[in-house]
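To start, the structure itself, in structure tokens.
Labels A, B, C, D, E and F are assigned to the chains in the order they are written; within every chain, residues are numbered from 1.
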Amino acid sequence: MSVLRTVTATLDRWLGIEPLYAHCDVPCGIYDPYQAAVAAKTVFTMDKKLTELPTPGASAQEQLEHRNTVVRMVQTKESHAQICKQELLILWSDYFKPEHLAMFPDLHETFWKAAKLCSYNKQHVDVAKAQELMDAVAKISDLFHKAEAAKKK
Amino acid sequence: MSVLRTVTATLDRWLGIEPLYAHCDVPCGIYDPYQAAVAAKTVFTMDKKLTELPTPGASAQEQLEHRNTVVRMVQTKESHAQICKQELLILWSDYFKPEHLAMFPDLHETFWKAAKLCSYNKQHVDVAKAQELMDAVAKISDLFHKAEAAKKK
Amino acid sequence: MSVLRTVTATLDRWLGIEPLYAHCDVPCGIYDPYQAAVAAKTVFTMDKKLTELPTPGASAQEQLEHRNTVVRMVQTKESHAQICKQELLILWSDYFKPEHLAMFPDLHETFWKAAKLCSYNKQHVDVAKAQELMDAVAKISDLFHKAEAAKKK
Amino acid sequence: MSVLRTVTATLDRWLGIEPLYAHCDVPCGIYDPYQAAVAAKTVFTMDKKLTELPTPGASAQEQLEHRNTVVRMVQTKESHAQICKQELLILWSDYFKPEHLAMFPDLHETFWKAAKLCSYNKQHVDVAKAQELMDAVAKISDLFHKAEAAKKK
Amino acid sequence: MSVLRTVTATLDRWLGIEPLYAHCDVPCGIYDPYQAAVAAKTVFTMDKKLTELPTPGASAQEQLEHRNTVVRMVQTKESHAQICKQELLILWSDYFKPEHLAMFPDLHETFWKAAKLCSYNKQHVDVAKAQELMDAVAKISDLFHKAEAAKKK
Amino acid sequence: MSVLRTVTATLDRWLGIEPLYAHCDVPCGIYDPYQAAVAAKTVFTMDKKLTELPTPGASAQEQLEHRNTVVRMVQTKESHAQICKQELLILWSDYFKPEHLAMFPDLHETFWKAAKLCSYNKQHVDVAKAQELMDAVAKISDLFHKAEAAKKK
């Protein structure tokens, strides 16, 4: 969603402290892998929490609390895997430009696999795959910062 | 929302691999460039209608009707350009598999350019670019149907 | 009229965007029972899959995967039953005109019952009732295509 | 949306003070024409405000304020016409039961026309038609309260 | 001021539409604690229903129906606790003005605690806490009506 | 606590997903004034861009482009003012605890005024007021970081 993207945008400036909307009217600061990284981390956290949930006691009340928690965690995982995917695809489709393909010949492959990991993480409760997703986002984050650095030369 | 629907389809295939709507004319049905094509067409139609809107009369009432229409058409264009982009990226990230890259070496490039066209069409009222978007979706639709045909061999 | 066109409006309406061009050059294409049919089919598929889910093994991991799947399928059923209902009610309220009542004296009853079936299918996991919903949508689809055919005479 | 409906639900109990979820598991108290009436009133108010907006001064700032206001009012009108329609269709499809058709032979026609008025009001800035919509909702409200009264006998 | 008017604004705000007419002729109607009260009541009802759900029979079908119901009730509770919170915070931030602080020195504390109760009720299935939430909203409703009464003097 | 973690919760809450793990091992990271600051900055940027938009040429095409841009900027401003408000109110209602009131006696007032500024900025195109909003969020950010620092002692 454009709202998501716009919010994401300035996250990088928080870290890098570049002026907002620096030298172009559709600001170069607008893109950032930060939101995707947070979402991937949230998927991971939900998987971990779901996996570590203590077996509830036998009382009806404890059973209910447990179920309330599971439903809410599954929903949180679902929405953050979706956010992660959207954020990555915004970077791929809007931030990266033809000149970046020369710098990163595996650009398309990298994003493609990361997007497929998002879908996998929706469908499963799998801590190892959530870790893979975080790693994939970290790799993309690295490409992004290299592209940013290249801009400043 | 299209996100929900798209998730659904993935679910189907992940679990049962049954074609949703098996015996209809959209058979493998779960992935389909159809929605993207419709959205691209809607963007085109909005651009065309905006361009051809008659100059309103001078009365306050005619002016108001005119403005009501412009706001609604811009919003419709915006949301359909977004839908088009989402639908295309779902095809790219979920439907197409590594084996398709051998069949369509320009797969990534094709989707990348189409996604960029969606963003352009949000930012402008440009009939020619909306036509380009429709053509890009038609090309993707062609890839899709070739991939489907290959499955059945 | 191309198939493409016929779905355009469905999308619009699915998004809560009222068709803007009721008497314009995209008229017959604006309404379509297709989306409702897909949604009904999805409800049916979710019911079927839920009913046929294998009992998970005793391991915590298998239990978790199972619960992840159930929550996601119930949510998918819910949203598609809602989409089906919305799509049908758009056809009823916007597509069908007074002249169609003469052609289809049971028009109102037909839609009324189908809408009630959508609500029923949210509240239950009932394959037979999901089948009834698909049949109801198929009947409505038939009315729609008869109305379209009458236009062209 | 189910949220909308559920919220609406208790509005009638505010007026009628019936226990929530009284004697059925899909509570008889849940339906109410109140939300639709409020939405129709909002459409009317937006039309009136749009019609009465003073011509802005010539300064760029006044022009901007004016445009900000118009866009926001058109959007408010759009969403409330949509809410009105949804609320009415929920009453029609879920609240009214076959036994009510005997009491109100024009039930279907009444709702059909009201729904069509909602669509009209989206597409235009027309105070008289917004008044018609409020009247249509008032008529439906009357049917509703008669149906409620009949229940208590 | 008619009852109808008083709820208009609540709807607006629920939809994220900021009231456009703060100093206009529909002023007293714009804010209302009614929506929050309904939402709190819905949270209470969901907790009660969840707590009282009969243990399902051993058949797979009964188990499925039971799970369908639990997921739907947890979701309904979640969304209504969120609506309740939003509605309360709109009253606090938009309706109450500096002059009300003199009338109600504990205004901020009252809202703060009520908002925290909303969050608690999302995270738990706790009938007693849902009752506390209803009481908190009732207290706020009382402040609101006192503020309204003061206006008319 | 990593930077990554600290934003996770903001996202959750922005999506209406209440943090599930209030006393768990991801505690200090869950709340963050960052999202609100980005949203306030976006409101400011939209006001600035709207104010500085060049007068379009007389051609129909230039007029259309101009209107497309205005509608989109007003919408972006609206949604970010709303996000800013939501983010601030989450901090106020969920992050800050009774012990913080002793540290920050003007806590409630500070948030109250900032929330009112969000509403003002929706209703107007006013660069100075958007600057005030950014300042208000910066002040809140300062309170937040002081509260965080106090935790670690």
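Criterion: a contact is a pair of C-beta atoms (placed from the backbone, for glycine too) under 8 Å apart; a residue touches a chain by one contact, two chains touch by 3 or more.
This one's a predicted model, so the numbers in the text were calculated from it and none came from an experiment.
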{"item": "Where subunit B and subunit C overlap in contact partners, by chain label", "value": "A, D"}
{"item": "Required minimum of steps from subunit B to subunit E, each step between chains that touch", "value": "2"}
{"item": "Matching chain pair for B-F (criterion: over half of the contact pairs shared, by residue number), options D-F, E-F or A-B", "value": "D-F"}
{"item": "Chain whose Cα centroid lies at the greatest distance from that of subunit C", "value": "F"}
{"item": "C-E against A-B, pair bridged by the larger set of C-beta contacts", "value": "A-B"}
{"item": "Equivalent interface positions on subunit E and subunit F, same or different at half", "value": "same"}
{"item": "Chain centre separation in whole Å, for subunit E relative to subunit A (CA means)", "value": "33"}
{"item": "Where subunit A and subunit D are represented by their mean Cα positions, the distance between them in whole Å", "value": "40"}
{"item": "Between subunit A and subunit F, centroid-to-centroid distance (C-alpha), Å", "value": "21"}
{"item": "Shared interface positions of subunit F, touching two or more other chains", "value": "20, 71, 75, 78, 122-123"}
{"item": "Subunit F-facing residues of subunit D, complex", "value": "60-61, 64-65, 67-69, 71-72, 75"}
{"item": "Complex contacts: residues of subunit B adjacent to subunit A", "value": "3, 7, 10-11, 14, 82, 85, 89, 92-94, 108-109, 112, 115-116, 118-119, 123"}
{"item": "Subunit D to subunit B touching residues, read off their complex", "value": "50-51, 70-71, 74-75, 77-78, 122-125"}
